[in-house]
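Once you've had a glance at the structure underneath, I'll fire off some questions.
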Amino acid sequence: MVAIRTPAELEERRRLLSEQKDPNQLTVTVCGGTGCRAYGSERVHEALHEEIKAQATQNRVNLRMTGCHGFCERGPLVVIQPKEIFYHGVKVEDVPQIVSKTVVEGEIIDSLLYVDPSTGQKIAHEREVPFYKKQRRLLLDMNGQIDPTSIADYIASGGYGSLSKVLSQMAPEEVIDEVTRAKLRGRGGAGFLAGLKWRLTREAPGETKYLVCNADEGDPGAYMDRSIMEGNPHRVLEGMIVGGYAIGAHRGFVYIRNEYPLAVKHLRTAIAQARECGLLGKDILGSGFDFDVEIRLGAGAFVCGEETALMASIEGRTGEPRPRPPYPAQQGLWGKPTNINNVKTWANIPLIIEKGADWYLQIGTEGSKGTAIFSVVGKINNTGLVEVAMGATLRQIIFDIGGGIPKGKEFKAVQIGGPSGGCIPKEHIDTPIDYESLTQLGAMMGSGGMVICDGDTCMVDLARYFMTFVQEESCGKCMPCRVGTKAMLETLTGITKGEGQKGDIDYLFELAGEIKSSSLCGLGQTAPNPVLSTLRYFRDEYEAHIYDKRCPAKVCHDLIIYEVVADLCTGCMVCARNCPTSAITGEKGTVHTIDQGLCVRCGLCKQLCKFDAVSVS
Amino acid sequence: MIHLTIDNQEIGVEEGTTILEVARERGIFIPTLCYHEALEPYAACRLCVVEVEGKRGSRLVASCAYPCEEGAVIHTNSEMVRRSRRITVELLMASGEHLPLVRALAIELGVAEPRFRLPPDDCILCGLCVRACREIVGVAAISLVNRGMEKRVGSPFEIASNVCIECGTCVLVCPTGALKLEDIVKEEKAVHRWGSPLDHRPCHICGDHNLEAHFSVDYRSFIGEQASGEGQSEG
Amino acid sequence: MKGRAKDSLKIGVFICDCGREIASYLDTEALARAAEQLLGVTFSQRIPYPCSQKGLTKIREAIRGAGLNRVVVAGCTPRTHEALFRSACQEAGLNGHLLEMVNIREGCAWVHQADGEAAMAKALDLIRAGVARASLLEPYEGIRVQIAPSALVIGGGIAGMTAALALAERGVPVKLIEKEHDLGGLVRNLHTIYPTGQRASELLKIQIEALGKKPNVEILVDAQVKEVMGSIGNYHVVVTSDGAEGIFDVGAIIVATGALVRRPYGSFRYGTSKVITQLELESVLAKGDIQAEQIVMILCAGSRDERTPYCSEICCMAALKQAIFIKETHPRVKLTLAFRDLRLEGDNPEADLQKAKQLGVEFIQYGDKAEPRVTAERVEAYDLLTERQTTLPYDLLVLATPLVPQKDVTVLASLLKVPLDSHGFFPDVRFRLRPRDHVERGIYVCGAAHYPSDIQETTFQALSAAARAFNFLRQNQVVSEGPVAVVDATLCTGCGSCVEICPFYAINLKEKDGLLSTSVVDPLLCKGCGLCAPTCPVKAISPQGSSDPQLMAQIKAVLSSKKGRGKPLILGMFCEWSAYAAAELAGVRRLQYPSNLRILPLRCAGRIDPYHILWAFLSGADGVVVGGCPPGNCHYVNGNQEAERRVAKLVDALAARGFKIERLRLKWFQPDDAPAFVEEISTFVAQIEDLGPRVTPS
Amino acid sequence: MADFSVKAVDDILNGHKEGAEVSLIPILGEIQKRYRYLPREALILVSEWLGVPLSQVYGIATFYNAFSLKRQGKHPIHVCTGTACHVRGAAQVLDRFKRRLKIRPGETTPDWEFTLQTVNCLGACALGPITVIDDKYFGQMTASTVDKLLKEFGVERQKV
């Protein structure tokens, strides 16, 4: 691709590209998100390639692997444009049929269509699927359409328009004003006003300035950043270049988890292409503005999501946070003013510049503008990435979009914001969610992980899980976080083991208070949240564990036993054969028995029993 | 010059001074473990936290690293501060109950005994030794190894450091006496396998061949007199 | 310095409260006032925290305001705070070496908490000593020398080539010299490489070609180092290469001269047709003509015995490799491997061992008892397993003989002024000195010149040496701040005593007036230990900052409160690395010890001159204790031994004259063993107290 | 150290001529990628070429999860223990691997075949519980699928 030297050239290039692209062009898109790939979408893609070569010789067919469509539950997803026919759970075996019928003949294959569980009717078109219908997809929209490895696709669909607008028509201050006016808040979790942060960095003394894209999405159960970088890396880059121009930085870093190989790959490609096109590097679009981006791989430390630790890591030291002030905006990388924003924040920028702050202000609530992306996971029918306008209610997300709880079980609570967030019980299911309301409820926007819990989820166990996580991820620098979380974990473990005693809950409160108030960095300061919020809403479960040594959700190993229900057991031996500790005995055809002494409560027997003859109590 | 209130006394301080520095100059006692005048503040032990009043309520900051701000209202010994310090010390006691230093702090803050225990350990991970070795001596023979609960002070590969100069500064700054020089210099002194000991070059000529001369001149009398003097003192 | 008129002195004294740490045991205000009275002091002030931003500003202001030309800070240990105050001085335009720190915290306040009065007296003494020394301090700028940005690699074996290549890769101009006619060293005679099994010839070919491709590498064969002139950063190396002679100016030298395989003429019937070395077998294998039917290999043939005590590391693996190769190519050959004990490296040597056994190689362990005896037809070896002599007929006997240093190492060592270890290899000498005082030589050793090592290890060493050389060259200049010895050429008689004793080869004799010669110190090699000073018969040489006048002034001053006090006074002259460190630690740990001990720090106990001790007694000391590092731990090679010898000599001399030698003691201290220090000191002081005060001549 | 060659490390270092602290972690990353662990010699050379104290290199190598100082097995097994996977029973999966391979997370089987590791979220939560072996994803894992998988890798099941 030849370099683009001026905004005019960019528009020209865009015109050419979109001319080449005929809207009625038959295009088969296969979801290439990590989720769908894990389901085997690559094999499907290959098969499609072969089949199309073999069968659809006469009509020109575009085949492309796109980024994540978000509906991971039903992968691999295949969408056929322009009719936007939506197939889910596609297997290699289905491919010949898809090509012969849908691609060549244009017919729809009913068996591959999505069935709305609520109405039971089949849905042919992607945007009509309830999962998509009720979303407001600003950042994820393009994921399903463009090929993330092609800058042409991005440019064709308006990409880098904001950059050229900024470089040709706006002064850096104006850019900052626009972002400030849009009230865009940092999507990293804390929700600090992006515009304000930019201004601080711009006005901080010193020539050299840096900016960083925080893509160290360490929060378990959240993967929207990954999905954006996989599906639309150029928008993140564009946001960063604009930011660089506004702040006065000429060097940017993307600090990305190395657990995300695909995202890294796509980002690398994108950077290379952008450089080739002169959208990165010296004198971008003839504006005289230089900017370049480097990738830095995280080395597997959750704490590096914390900005000072992240910077230490980029500088080549252990990822230990340092006290603030001085804030990165004053003294960041190598002591120079540095602006750090999350992937989603950067991805928002091109939109705001393109459509303007006023447009952006219309979306969302008073305090929180724009959209929020949640990865809705756990006990939910439609696991996937959900983007909604700020202010949407949990009910909309979980039931209208998420399709409710599997097996019709009852919704119990949702854990938002991962290790630094908290639980929200069903009472609050109708609260509109934005930064403020979540904080009020004792949770936190965090990175947007949303774990749905049903009756089978033990809240104490969940709290313990997150405490284990922070305990493992604590860098160990400051006393409250290192030892305090350990103390909390031990106490929680004791409770789940049935060794809890009176006073444990008070002790947890005391520790939590201390850790929150006096830890060195955000990791510690928010670590107790999962415990605090579960204590707030599910104290009874704690007490059940402590006082009557009972796990209401039947999860905690030491408080449950597995038993064979005599009148259901057919003596098929399946459980007996698979029991890892040979705790199950019984002849073929006779009722089996579980030796509680040997049983390690792995639950395998319950999983395997086709007759539901294993009960927990 | 900026002005602030610390423990209800209004004072003016130079910009850039930390709360701890100000307090110390004013003879206000703030306990610290990981702080050393000659080193960059580390803000890890959290014992030096003080209460700073703010719009959204009071909060705790580590006084060793927190710069004085215009108009700040600071309490170095409020209930909030004491509560925090008590728990910090209690956590310290989890593995350091046996350390005189920790016990002293516990008594000072009125902590009876910890509700949570870990295997006893002399090291409280204040990081002073590591920072001293790097910042003062400029050698960096030791570093903090591992992360979280496994974190500890160590030399590379847990064998004797081959850059340690045995200056003892780490031992000197260690507040608990956890660190012994041999921890760093024990065993064969090399990460390279071929480290071989210094050859002691014997000296061929006597450094004191001029001593006699000295006697013969000024000091003979002195020695003689001395001898007799000694004689007398023994009687 | 004698000439200086004292009135030109403007000494500023700053007494530190250290908050309550010092102030609650010592009356710092009183100290400040007393200090004012001292000779040369024009400014004296008490500061709560001199090390705080405020405190440092005060000091800087005083220096500028009161035009101070010497600064004494009495507070904590210089170990942690000297750098801080030194830079403060410099910022105020005063040479950093005009700063003197007096340790009244660890050294006084913290260790005499019970006896305030005695502590005050001691503190004042210490300050007196500090001022006395300060008045004799001289400014010192340190030395900066540009580094010649190129390297010389001596030896064209695997080690040398690897190092040269690595440096060339990073753009360093390299001269590679090899004394043979071809590159490759020992490996040239090898057949295959263990454990990779790569052909040695290929390995060499690759290396040599790679070198050839580098424009910035100049290779000289049949070349040898004739002379090394110049010093750190700029060595002028005279190299002769087939007749021609050239001078190379290089900043770094890598010694990769390798080692020899000993050819044990006169033992094992070596030299007779049927007996060859392991190395010679390699070339036989390379030719691939093995006539023999009965092969015996003897490992450790002449190594790990009295003459060659070390293990040559590579022989066992090599033998195993050869044995396997032979059995694979000539299955019918009967092959026995007689070893002392197998030392195998690598991932799982067991596998190779098994393989050999499966192939029918026989193993006999002869152990440490007796070396196998070799006759014309057979080898007589004791078999540990069967516990009886066994006879091994052979028609080819292979001896795994040790790797020994090159013939000419001693020459090279003396040219480069680097030591050799007792076996004749180049050790990895590291002087454990403060980085500031210690300048890298720019000479690095790798490969078998260092220690017998296999290819993998050698490559590693070569790259490591190259790395260190590279980073040394990259600094562009060497900076040495530490004080060094200076020679008073008018006094020097050129007796060469200092040249002999200097552990760092830092002193040379230079021609003076055509006939007499005089000592010249290489300031980059000198570490300022002071070993040379006491050895000089005419006191013409002494280290900056610890000249005889300075030390004697200190001694006198620190003992001055003797006047009118009944308690005996003990002087400790302590090596800062051990005894002084232990004393400081005692302070930190608040261990109390008798206050009538006065301590002066020395760089090394080796600086001690019997003179000083006599002077101390003259100045009123009732006892003197000299503290140094335990044997083998001296940071200046053998300063502690020097001190020991001198003190011993003095003790004899004094004893011979009926002097109570119990009053003089030399002790070794561990820097981190404060309790031992305290006990040692307390007992000594107690003894002196029993002896009672010395009756000084009126 | 058979598969490990110091020369190769030198080549990696050569790729970062600017040689400074900044390139330290990327370089360690490349070495880890190549050998699945960080051999001691490699760390020493990295420290010496970059002029970064060995203690710092060692500190970093032990701080970050991505680095290992122990030689790894032929087939690294990563069991995702992210939240989504946790609530869907990742614990049982991990437990099964532990019992079957008789190693704890972070350990390697004596035959150098498998190394068991937990990972905090692979971002493919829809498939939870997830396990990744040799960079291949396996979704909806259960204790019994663990057995199937191990069988594929020739680990026959003997009663524990």
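Going in written order, the chains are labelled A, B, C and D, and every chain counts its residues from 1.
In the analysis below, contacts are C-beta pairs under 8 Å (C-beta built on N, C-alpha and C of every residue); 3 or more make two chains touch, one makes a residue touch a chain.
These numbers come from a predicted model, not from an experiment.
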Farthest chain (mean CA position) relative to chain C: A
Separation of chain A from chain C, taking each centre as the mean of its C-alpha atoms, in whole Å: 57
Chain B and chain D: spacing of chain centres that average the CA atoms, whole Å: 37
Chain B and chain C, separation of their C-alpha mean positions in angstrom: 28
Interchain centroid distance [CA atoms averaged], chain A/chain D, Å: 23
Touching two or more other chains - residues of chain B: 139, 144, 146-147, 163, 192
Touching two or more other chains - residues of chain C: 464
Sites on chain D at which at least two other chains make contact: 44, 56, 59, 63
Pairwise chain contacts under the document criterion: A-B, A-D, B-C, B-D, C-D
Complex contact set, residues of chain C against chain B: 19-20, 48-49, 51-54, 57, 77, 79-81, 83-84, 419-422, 425, 427-430, 432-436, 450-451, 453, 457, 461, 464, 497, 500-501, 503, 534-535, 537, 577, 581, 584-585, 588-589, 610-611, 614, 617-618, 632-633, 635, 637-638, 641-642, 645-646, 649-650, 653-654, 657-660, 670-672, 691-692, 694-697
In the complex, chain B residues that touch chain D: 134, 139-147, 154-157, 161, 163, 191-192
Parts of chain A lying in touch with chain B, wherever the complex brings them together: 301, 318, 320, 322-323, 325, 471-480, 482-484, 486-487, 490-491, 507, 510-511, 513-514, 517-520
Interface residues, chain D side, partner chain C - complex: 1-2, 5-7, 9-10, 14, 17, 41, 44-45, 48-49, 51
Of chain B, residues touching chain C in the complex: 14, 16-17, 21, 24-25, 27, 36-38, 132, 136-139, 162-169, 171-173, 177, 179-182, 189-190, 192-212, 214-215, 219, 221-233
